[in-house]
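Next come the structures, one after another.
Next come two complexes built around chain A: one with chain B, the other with chain C.
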Partner chain A sequence: MSSSTTTTPAAVNGLATSPAFTFSASTFQKLHPTEFFRNFVSQGVRPDGRLLSSFRPTTVHYGVITTANGSAMVRIGGTTVVCGVKAEVAEPKLDSPDQGYLVPNVDLSPICSNTFRPGPPSEQAQVVSESINRVLKESKVLDLKDLCIEEGKAVWALWIDVVCVSYDGNIYDAALASVMAALKNVRIRKPTYEEGVVKVPGGEAADDENSFKLNLARTPLSTSFVLFDTSLTLLTDPNFAEESISQGQISVTIDEQGQLCAISKVGAASSSQTLLKQCVERARKRNEELRSIMNQ
Partner chain B sequence: MALTGLRIDGRRPGELRKITSTTSVLSQADGSAYLEHGNTKVLAAVYGPREARHRALVVHDRAILNVEFNVAPFSTGERRRRTKNDKRLLEMASFIKQSFEPVVIAALYPRSQIDIYLQIIQQDGGILQACINAATLALIDAGIAMTDYVCACTAGWVEREAVIDLNHIEESSDTSEVTIAMLPKSNKVTLAQMESRLHVDKLEELLSLASEGCKQIHQVLDKTIRDRAEDLAQKMAV
Partner chain C sequence: MDRKRVPGPELSVAPLVEYPSDFKRWTPLDEIRHDPKRQPEDMRPIYLKTGLISQANGSAYIELEKTKLACGVYGPRPVKKVGQVFSGKGVLYCEIKFATFSCAKRRTNIRDPQERELSQILSQALSPAIQLDKLPKSAIDIYITVLESDGWGSCVAAAITAASVALAHAGIEMLDLVAGCSAAYIQTGPSISSSKDSIAASRPPQIFMDADLEEEKYEQGAIVLAYMPSLNEVTHVLQSGKAEGSIISQSVEHCMEACNKIYAVMHHALLESINDNKEAL
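And now, the complex of A and B:
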């Protein structure tokens, strides 16, 4: 699929370029992936041509699924996700009778990449789902009391389903952005409650007084990085190849007021505090760009 | 049906819904296609030929086909979580597999597996039809050798009128619907499915209507493939 741009064989560093040790670039990448990347990173670029701190082109489309109450499709480079939000009337949880609830779920199925097998959700999918759930809850993105129809009897449950259609790394950023975009896009018909029965009028929810939008207190968006090699070089917006050879992953989630909503760092023991500061700085800039893309 | 002879969505009885199709939409899959029949939206991805998942299933002289469905929970009117083992989905997957088995030249790819993944994004009737058409495009996009296109179309009796390409409202009404998958060059039928009651005399009319529909769909699919091929040829010639 990707054409290998090979005119000169890559020299394995240190060894003489005798015929026995010359490979095409794509073979070299398969045999010594870390070495292959190191050759690029030492020059300040990555194999796909990006600088160490560049992001891949990002697009956001709203309202792609007409059967859902709200939907959005987000593309970051080769990673494409579609998020659909469906509102259902449900009984409130026992300990919060006047609050609705949000149920996010991320689906990574074999259609999006070679690496996923059919079956129950993988650990990666579950971790991403749970991270999004925590951000929604702890950052109080939505006042759940707004979702109440009749206290103790009926509330709105928002089922947020993210389907990954093409996977090329950085699923968390794409999924979170799609969830926020879909929530912005949600329109629900106003229900009536009479004598124990909730009536939701039929027809399309539109921007009129018979439907309501969600009042989002904040829209956190994330920026993810990986740490590469023993030098712990920071690579922003990793693609799949970069994720596979990374030593550690960092994710910074910030809302529109510049408040930190979540930070995650796993792997690669590093004592550098400047590293996290660097990440937060880049995340702030990226956040602004992403917001202007989302508001178009 | 209204007195004007039009159907519930304004179509004439022999009219197909608007078809939108694009190939090579997914960067990770070997072949992919996105197809819309009106509001029914399906994404197909083909991975293969590649190493078979289970050694036990490997056949020494040809490839095995594997079809899997993924129905997005937001695709229907009410959110419904369909498990992977849902019998209806497994049945549909098996139909699709059997429609393509006679057409894919599997002997060219011994000991390997060809995976067809279908993601249903939105449902408005004609799911099996849309999936077969999308799978055809995706297989061609993946460069897998086939003897012909497989084009599918539904036909049914709605309010005593024979119609093609039924939408969800028409399917849910008291109607008998048949899905036909055809090879347009040889006019051979690889799949015929019907689950309701139908008078024997009426079957023939439905079958011929559905074949007409398949031919029309074939033209649309063929145009998509040719346009894409020309596009690629131009880019490569530069």
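And now, the complex of A and C:
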């Protein structure tokens, strides 16, 4: 602490009145992350320059992986996820002989952030996978009967794997968007079933004649918020730093007709009805925006 | 059973692909490469970019047409393993992971021997270049995710190239950048169909630089070379399969030449990242 000339947010707050306790802004952020944020939030902005209600730039790319039946890459600010869907043949369950499988899994590998360790999926990864699984199953995104090849003998199993390449918060929104985009991108060769063997035509590129697309009933997309501080200020589309100091998180999942598919609120902070309404309202707007990005 | 993932069917297999009778597959008999635009000594164009992983100390993304992988470097950071004795040298840890959708056949989530082998190769190829003795008590972790793989050799080579760029991007002191390059020996021409023909069999195989998956299916052998271009030192050679000495030395030379070209690309990517930083400031 040789130089004490740098201006500090701490000085604004009256925390550091003595010049001996003057830090640079980045040191102050590390020592008192919440206080650092509070100084910004009280002015209606966030440290990265966003307003409290604004989102980070979002991009969606389709068909990035040629070895997968369908794939998509979604970037929300510094968060990058890649989703690949692979279709394989499996035996159906005994109690549902004409239904295929949808198996979504999210992998938060140590490459994407230093908070993740190698090994089996972390608790966070399991929670995200399970939430996506629930949204896909309970809002009946895809009729599983569409995945039947031969009743009681063979069905398609769609392995939907999301790999997080870069983690900067809001993984649920990014993962769900990538899953929906990849499912839209799926093309499966038309199968034929013969004496226990499933065959698909090879050769030229997949087109309408030799392959089929999935008939998605709806495309749910989510919008997440975090609750900051005791005042429970809503921060839209949280990044990693904001997530780590938040009091709680709210995710609102809506389909294209504006119908709610899921709402989840985690964390100890209690939220009022008006707060939830505000979330749903903002989520509706965001949903339209994200949908237009996806349809480009 | 894996209880930490959403469960799927216990057994699932890729469907049998039935090619139409008039479908023509590429074979080395054609005496051209799988990608007809490439000459035997041509590599695929490389796209290399740093700084895509916001949380990592250093990162790089490399793409050689269909081969795509991302690399993140964390460190130097304190060794976190419990019970680790003091070490005056830094520890280099490499992990390569294939995404489940990265190959023609779906890969499982369990770490397989191939991934372990690749991780080992990477660590051996890079450690001679890193000044680990300058980083006591610390660890450098290199994580690589293969998003799409088009050939084993090109995948290893791309991993080495990307990892050394990511290390440089993280500001870790190195003696030189390490460039990786692969080549495959493939018998071209009509000798395959009549291998008993002694004249044809004695024809030396062709060296195909940076072979793709389709070409690898016909390879007699392959080589992966890791090389420090400005020091003119080879850090790692992996040769497999049957080949005569002359072919091997020739392919090493070819690979070194190609590494010099890759070096220029690596340089360019790193310079770009510095320029980006300047603009951001």
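Keep this in mind: the second predicted complex is superposed on the first by the 277 of 296 C-alpha atoms of A that agree within 3 Å, B and C clash if a C-alpha of one lies under 4 Å from a C-alpha of the other, contacts with A are read in each partner's own complex, and residues count from 1 in each chain.
Note that a contact is a pair of C-beta atoms (placed from the backbone, for glycine too) under 8 Å apart; a residue touches a chain by one contact, two chains touch by 3 or more.
Since the structure is predicted, the reported quantities are computational estimates derived from the model, not experimental observations.
Chemist: Quick check on the superposition: with chain A as the shared anchor, is it clash or fit for chain B versus chain C?
Modeler: After superposition on chain A, chain B vs chain C: clash.
Chemist: Have a look at where A:51 lands relative to chain B and chain C in the superposition and call it first, second, both or neither.
Modeler: Neither: A:51 stays clear of chain B and chain C.
Chemist: Identify the partner contact of A:31: answer first if only chain B is touched, second if only chain C is, both if each is, neither if none is.
Modeler: Neither: A:31 stays clear of chain B and chain C.
Chemist: Is A:84 in contact with chain B, with chain C, with both, or with neither (first, second, both, neither)?
Modeler: Touch partners of A:84: chain B and chain C.
Chemist: Give the label of whichever partner, chain B or chain C, reaches more residues of chain A.
Modeler: Of chain B and chain C, the partner in contact with more residues of chain A is C.
Chemist: Does the superposition put A:168 against chain B (first), chain C (second), both, or neither?
Modeler: both
Chemist: Check the residue A:266 against both partner chains and state whether it touches chain B (first), chain C (second), both, or neither.
Modeler: neither
Chemist: If we overlay the two complexes on their shared chain A, which of chain B and chain C does A:202 touch? Say first, second, both or neither.
Modeler: In the superposition, A:202 contacts chain C only.
Chemist: Could you tell me if A:217 is touching chain B, chain C, both of them or neither one (first, second, both, neither)?
Modeler: After superposition on chain A, A:217 lies in contact with neither partner.
Chemist: Jot down the residues of chain A that show up as touching in both complexes, chain B in one and chain C in the other.
Modeler: The answer is residues 65-68, 71, 78, 80, 82, 84-86, 88, 105, 107, 109-114, 118, 159, 161, 163, 165-168 of chain A.
Chemist: Give every residue of chain C touching chain A within the complex, in rising order.
Modeler: Result: residues 2, 4-9, 11-20, 23, 52-56, 59, 66, 68, 70-72, 74, 77, 95, 97, 99-104, 106, 109, 141, 143-145, 147-149 of chain C touch chain A.
Chemist: Which bits of chain A are touching chain C when the two form their complex?
Modeler: Residue positions touching the partner: 64-68, 71, 78, 80, 82, 84-86, 88-91, 101, 103-105, 107, 109-114, 118, 120-121, 126, 129-130, 133, 157, 159, 161, 163, 165-168, 189, 191, 197-203, 240.
Chemist: Flag every residue of chain B that touches chain A in the complex, lowest number first.
Modeler: My answer: residues 26-30, 39, 43, 45, 47, 50, 53, 68, 70, 72-79, 84, 115, 117-119, 121-124.
Chemist: Would you pull the chain A residues touching chain B in the complex into a rising list?
Modeler: 1, 65-68, 71, 78, 80, 82, 84-86, 88, 105, 107, 109-114, 117-119, 159, 161, 163, 165-168
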